[in-house]
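As written, the chains take the letters A, B, C, D, E and F, and residue 1 is the first residue of each chain.
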Amino acid sequence: MATPDALLVILRHAPHSSNWLREGLDAALVAAAFGQPVHLLFMGQGIMALLKEQGSGALGQKATLPTIDMLEMYDIDKLWVAEGALQRMHLSTDSLVDGVSLIEDQEISGLLQQHAKILNF
Amino acid sequence: MATPDALLVILRHAPHSSNWLREGLDAALVAAAFGQPVHLLFMGQGIMALLKEQGSGALGQKATLPTIDMLEMYDIDKLWVAEGALQRMHLSTDSLVDGVSLIEDQEISGLLQQHAKILNF
Amino acid sequence: MIKYGFLVMGAPYSSPAPHSALRFAHAVLARGHQIAGVFFYHDGVHNASSLMTPPQDELNLREAWTELNQQHAVQLDVCIAAALRRGLMSESEAQRHGRQAFNIALPFELTGLGQLLELQQRTDRLITFA
Amino acid sequence: MIKYGFLVMGAPYSSPAPHSALRFAHAVLARGHQIAGVFFYHDGVHNASSLMTPPQDELNLREAWTELNQQHAVQLDVCIAAALRRGLMSESEAQRHGRQAFNIALPFELTGLGQLLELQQRTDRLITFA
Amino acid sequence: MILHILTKAPDSSASTQMQQAIGDQDAVLLIEEAVTAALDPSWAAWQQCHTRIFLLSEDLIARGLASIAAGNGLPTLEMDGFVALTEQYEKTVTWY
Amino acid sequence: MILHILTKAPDSSASTQMQQAIGDQDAVLLIEEAVTAALDPSWAAWQQCHTRIFLLSEDLIARGLASIAAGNGLPTLEMDGFVALTEQYEKTVTWY
């Protein structure tokens, strides 16, 4: 499920509310560009980065969706979403972009153990 | 209980965690120095500003207590503390500085109504 | 006509507060009201940085505030104590503190906290963005 | 001996993260370990501001980091993309963007995000302060 | 009569504190991160003062929550409506 | 084996997320605002992994919580002990 030399980037902040999500995604993209295998874990408000219908903000605030769509080009194809968080946010996978992988809450700690490198945003 | 021309400054952030508390207290002190009647309402983590035993932070981060002790000199003598928040934080008034006034949760909205000017920190 | 004052306490590109404030400002003006002034406090002081350099396809917040000042005479006050500790100063403050550079210039003016209270007194509404 | 790297993402005087990082740094060195470098990202880039002017009775964080560099050869890298949008630039960036002033100077160096990943690769521990 | 402006998520301490401060005559406007309340019909504030909570439309759209808000029948406002609220309510308090 | 460092209050979303990520062999260090957990014996994490949660002593002292932490019998560490934890645990994750 995860290679031991992969980098796990955890994304916990929503689009538009701060720059955490964007700067976290930037770190993931740069790591991938350097040839590191990168996996993403979306927790809490971070899950909102995956909403299909999101747009750009007023006054030209950039949308996140184009970056999400770009991940595959960088060979970032593991997008883990905490299933419990999804339920607590009253969201279904239908509202999310394609290609996400659900993970049960009790498997999250195992996912962290399997990655030698972790960055938490 | 409150004069209609008084300024209510709400303090909701703990010492040392950010600069919100200090900059909120600064606003209260300046208003008082300008002759405005000022009342303070401590909510949530803001109540920690009133803990008797607090100190300065490591590496010379200033303590908040000297500022709290200075309030009386500026004629700021109404320090409201939300009673419910105090209970939820498992704190008793014994652990707080002298001179605070308890207010029940259901009276908070009335306190806000009575003040023409409010600043929320 | 209602007279508005704004208190802005979020930094651009870290908080959405300045964006919300600007959008609200233009809606206020469109409804025929007046904006007497904006007071930048806490991390909001970063809105005034003349060195702010966002990517070219993003709005430069300092320029957007400057435009608001030029077109609608909105006063832009920056709390001096909050600014100095966060690395923002005008030319005269730079001289006072022996620095080679400065990053706050007109139409932004460094001023004391009293200006915030004065703004609250002389406006009908003070709206906080944070 | 363990080799440490730090990722600092909080601004001085707005977040306690830089203070925690510095206190931790001195404890790491006291136990005989090495600190290879500090990477400043997100609001942490403000740690590098040469215009930072806290009240005289408070620690100047930039000076404290500079001392760490001078006494223990700790590399201080600042993410260039995060810095530019927040109004922080070196002399060469100021020239490139046509600005009159700059507020980042040695020992702080503007660099890309790749440097963070490189720091994570070449150290035994990467500790985040945010 | 106060207009409360919430900018943080419904499970934040800012939201809890606001809920303690809402009076019977007050109104609430959800902006920025607070519009995620559209996802949560069980948020206590909906029961507390359902008719007077508004969500800022453009912040819903930016976050991809506009159709969910519409589906839940929640009242939204444009920026113009935000200004209208501040005309009506003399005092505003922002919770962040 | 991971050392989790929490910098935010026990009722924050950072804390909730951390609690979901703690494994059986992991340890937790509470610093900065997180030391307010000393006030709350009902915090779920105390039950989840009581023996391996530490509080940073100097952050407790700064906030006036040192005697409360001592009264509740909570394990505290000096900065030196924080470093020792990072020697022992190869990975650290900071929740903020």
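Just a few scattered comments:
The working rule: a contact is a pair of C-beta atoms (placed from the backbone, for glycine too) under 8 Å apart; a residue touches a chain by one contact, two chains touch by 3 or more.
In this text, all values refer to a predicted model and were calculated from it rather than measured experimentally.
Among the remaining chains, those touching subunit D and also subunit E are A, B, C, F.
Counted as hops between touching chains, the shortest connection from subunit B to subunit F is 1. Should one ask which of A-E and B-D has more C-beta pairs in contact, the pair is A-E. Each chain's centre was taken as the mean of its CA atoms, and the one lying most distant from subunit B is A.
A turn of 180° superposes the CA atoms of subunit E on those of subunit F, with the angle given to the nearest 5. Shared residue numbers account for over half of those found at the interface formed by subunit C and subunit D, and the copies are therefore classed as meeting with the same residues. Subunit F has its Cα centroid 25 Å from the Cα centroid of subunit D.
Our note on geometry: subunit A versus subunit D, Cα centroid distance of 26 Å, whole angstroms.
Those residues of subunit A in touch with two or more other chains are numbered 16-17, 19, 45, 57-58, 61, 120.
Counting partner chains per residue, subunit F shows two or more touched chains at residues 9, 13, 32-33, 58, 79, 93-94, 96. Multi-chain contact residues of subunit C (touching two or more other chains) are listed as 13-14, 16, 23, 42, 58, 126, 128. Every pair of chains in contact is given here: A-C, A-D, A-E, A-F, B-C, B-D, B-E, B-F, C-D, C-E, D-F, E-F. Partner subunit A is touched in their complex by these residues of subunit C: 13-16, 19, 22-23, 57-59, 64.
Within the complex formed with subunit F, the subunit B residues making contact are 14-17, 45, 48, 51-58, 61, 63, 89-91, 95.
Residue ranges on subunit D touching subunit C, taken from their complex, read 11-14, 42-43, 46, 49-55, 58, 84-89, 93-94, 97, 99-103. The part of subunit E that touches subunit B in the complex is made up of residues 1-2, 13-14, 16-17, 20-24, 26, 91, 93-96.
Partner subunit A is touched in their complex by these residues of subunit E: 9, 32-33, 36, 39-41, 58-59, 61-68, 79.
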